[in-house]
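Next come two complexes built around subunit A: one with subunit B, the other with subunit C.
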Partner chain A sequence: MSIFIISSDAREIEESIAEKVTEAMGYKLLDRGILAEVAAKYQIEPDKLNEALKTTPSLFNKLSSRQWRHHLACLEAEVLETLMADNIVCQGLAAHLYVTGVSHAMKVRVLSGNRKGIQGVAEKKGISLQKAEKWRASELLHRKKWSLAAYNYDETDLTRYDLVINLDQIDPVEAVKTITGAAEYRKFQVMTYSLKCLSDLALAAKVNGVLLQSMADVKVQARDGSVVVLTKASNRQKRKKIETIKALAGGVEGVTYVEVHVKKNILGEMD
Partner chain B sequence: MTKPLEVLLLDDEPIVGRRLKPALDKIGCRVEVFQNPKEAVARIEQKEFDIVVTDIRMEEMDGIQVLEYVQKTWPRTKVIMITGYAKVDLAREAMGKGVFDFIAKPFKPDDLRRIIFRAAEALGSPIDSSLLNDEPVAQ
Partner chain C sequence: MSIITISRGSSSMGKAVAEQVAQKLNYQLISREVLLDASNRFNVPEIKLEKAIHDAPGILERYRHGKQSYVAYIRSALVERVIGDNVVYHGLAGHLLLKGIPHVLKVRINADLERRVAIVRERDKIPAQDARTRILEDDKQRRKWTQSLYGQDPWDTSLYDLTVCIDKLSIENAVDYICQAANTEGFKSSEKNIQKAKDMSVACRVKASLVEEFPNNSVKCEYGNVLIYMKGKDQMTGKLTKKLNHIRESISGIHHLETHVGIEPPPDAV
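Up next is the complex of A and B:
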């Protein structure tokens, strides 16, 4: 077992459980401490990177849709690259939404529980239980919307996780023991296939980040250094867009071949 | 001189055996190639191989059944699975059942050789790793 990705419906629970699992396992913790490094590396304003993890693009916030996707892609690339090393606990970086198909990454969802979760919110914010319940419901809805907009993945869908723990029923100490105990499962051991899946995801995210600097509407898949980019363009723009994508993606370290698939952009034709 | 590593290679696509056998011969393995899982299992019954490399999806008998048969007959043997239909569930199932490693096709012969090196080490018969060098992808 080499990667635990811990998420929760409550940020403080996510942080606290991840820290305890890290300590118990003697692993490295990958958390929001990486944001400053990512911002510096990709020349993004730290506030905007933070903002990208919390909000979706709208008329009222600072980020355009393309910038938002770009910032998330840069973060994703850095997180995936870091996860290539063994023995890591990851939290707070939305990795549960984009680390997909990697068999040695165990996704753990810790539910704050109805009773304890609402009590926790009421105490922290100094509000009534009724108000805390309303605040929590709206927060969950916001996170669901964010996860769907960012990764087309509903983070409240519990079938997407390998292990789900409800803190209404299981104490945090027992939850940590359950998670660390799961490290023994052979099913989650590192294998050549899962490492390759992870490196393919990392390469796709890197290329995506590079392309999103100058264009929107791109989807990238990678396998063994070969990259397939799906995009949209009008007939007039098609050739130039393919050339640009091939040049940009081909310049990313690790890319050996680029294929571009263009879907006709009807709106572009009307320009 | 150290004893060569005995490897059984099972894949119903003849090209896989043709490509991989020479790559494994080069690092000093003694390789027997099979396309039919029942014939491979009959051979496994007669002989203890150090390593069995098997495809997963095959007619008559799948790679998981081969793995179970090997584990029951020769618990020391390391089983490596190769497949063109890799998915996270299948990878976890194979790993859960005790496969040594799992690799998706297409792959480079060196990818398999790296796994063979690790398996040889786990068996206590390490091979010289300087014999690794990348070659074209095996489909």
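Up next is the complex of A and C:
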């Protein structure tokens, strides 16, 4: 009765380990297959949603910063909603970065290992080991930057995970056995409180998605249906912004109360 | 049949985990004994060795190579201890000092900062802020130490085979994970792995003999054949020849000893 969130420094490993854990546990697999569903539900172009998971906004990018955040918030809301069902293995959706404080979710990082990882890249791309090492280092740096930009968390920081397994010397089959062994641990059992934490996260992501459709600079927290929104506005815009946020957030299913905290936007005053 | 090193930040319950792993697998548990061995063998006060392995070298020390010598002594004593297999080591820097021995399971135990603060506060009866400062300073020293001597970050996941966060998992869960991993094929001691550990032990002993007078040399050993990689300025002087002759006579397990000048040492040289 738990959630496994698998992440890795190599996509193939992430997919393969998640599949094996799903098979061994008889759980449901939640992966990038959900993207089409999210795109249809929130009327986002599937390509753009896919791109939001890979790139950060820049001048040369198709996505603006607000759009990028909106797409990620929609995906986050849907993933968190699905995770409420329990007995799920999740991979490829960056859930390790936004599922926080949920005790029945076990976050596992599987490392391809320096030796094996570089060899794998060299074989797959048909390049020398030296080039593969450079490519892998730049890919890891890119993922680190993405995770910091998207969720302000460094995904290479090992303290973020419950378990990190390096496949340099540990066989993937053994790694799967180690991961699945945790399902029976008492601390990973679903509790009313951990379920409530998950539902609060889902509600906050849903509200965030709705607000990001029309405004940037919002941070949302939710607790038992009460939502706190942090934003920035000039003195002139303050009242109108609070009203808009209350109207938009109040319209989200499950929201019972909305509180808005506005920080003064000095640049906005100069308009 | 393997060697397990358990690394952790201060007050992260790594000691408790190590004790239980050793008990469950019926392995020998070592930590401070390594410093005592090194202190006795190389005639260096234990306090100096402890400081060398704990604190990062200062600016002057980087030029004097004192810390480098002490670390070489500790490494030699540690390799000597683990060579017999079935050992759990939970002292500082085990994952780096035993680098090159293939069947070493390198484990990292992590704990949430707040939990560590609570442990130190209760143990030392000090305010939370002081406990936090002490832990952060300790972590900073570890980082600097590893960076200055090995050019790596101790928090880098790729240095470990298994990293367990003790917050959500209990000590018993961590012990289960480690024992399970230790019994996998990759960490079993084969004849080849044992030979590598023996070679490493010879190389470490040679390095420890040389390091005080010739700190920039690197040593590698293959089946008892010792290769010493020297920097240009340390070319064969009378002093070095005398030293090498002494090494040949005093260190057992050396079949052949040769020196290379100006050649880049292999990455697994000590």
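Note that in this section the second predicted complex is superposed on the first by the 270 of 271 C-alpha atoms of A that agree within 3 Å, B and C clash if a C-alpha of one lies under 4 Å from a C-alpha of the other, contacts with A are read in each partner's own complex, and residues count from 1 in each chain.
By definition in this document, contacts are C-beta pairs under 8 Å (C-beta built on N, C-alpha and C of every residue); 3 or more make two chains touch, one makes a residue touch a chain.
What you see is a predicted model; the values in this text were computed from it and never measured.
Colleague: Going by the contact rule set out at the top, does A:251 touch subunit B (first), subunit C (second), both, or neither?
Modeller: neither
Colleague: Once chain A of both complexes is superposed, is A:165 in touch with subunit B (first), subunit C (second), both, or neither?
Modeller: Touch partner of A:165: subunit C, not subunit B.
Colleague: Regarding the shared-chain residue A:33, is it in contact with subunit B (first), subunit C (second), both, or neither?
Modeller: A:33 contacts neither subunit B nor subunit C.
Colleague: Which chain makes contact with more of the residues of subunit A, subunit B or else subunit C?
Modeller: C
Colleague: In the overlay, answer first, second, both or neither for which of subunit B and subunit C A:182 touches.
Modeller: The second partner, subunit C, only.
Colleague: Look at A:46 in the shared chain and tell me whether it touches subunit B only, subunit C only, both, or neither; answer first, second, both or neither.
Modeller: neither
Colleague: By the touch definition at the top of the document, which applies to A:191: first (subunit B), second (subunit C), both, or neither?
Modeller: Touch partner of A:191: subunit B, not subunit C.
Colleague: Report for A:106: first if it touches subunit B alone, second if subunit C alone, otherwise both or neither.
Modeller: It touches subunit C, and subunit B stays clear.
Colleague: For subunit A, what residues appear in both contact lists, the one with subunit B and the one with subunit C?
Modeller: On subunit A, the residues that contact subunit B in one structure and subunit C in the other are 103, 185, 187-188.
Colleague: In their complex, what parts of subunit C are in touch with subunit A?
Modeller: Subunit C residues touching subunit A: 102, 105, 108, 110, 112, 155-158, 160-165, 167-170, 173, 176-177, 180-181, 184-187.
Colleague: Tell me, which parts of subunit B touch subunit A in their complex?
Modeller: Going through subunit B, the ones touching subunit A are 86-88, 91-93, 95-96, 98, 101-104, 106, 111, 114-115, 137.
Colleague: Inside the complex, what are the residues of subunit A that reach subunit B?
Modeller: Residues 101-103, 185-189, 191-194, 196-197, 224 of subunit A touch subunit B in their complex.
Colleague: For subunit A, which residues are in contact with subunit C within the complex?
Modeller: It is residues 103, 106, 109, 111, 113-114, 156-159, 161-166, 168-171, 174, 177-178, 181-182, 185, 187-188 of subunit A that touch subunit C.
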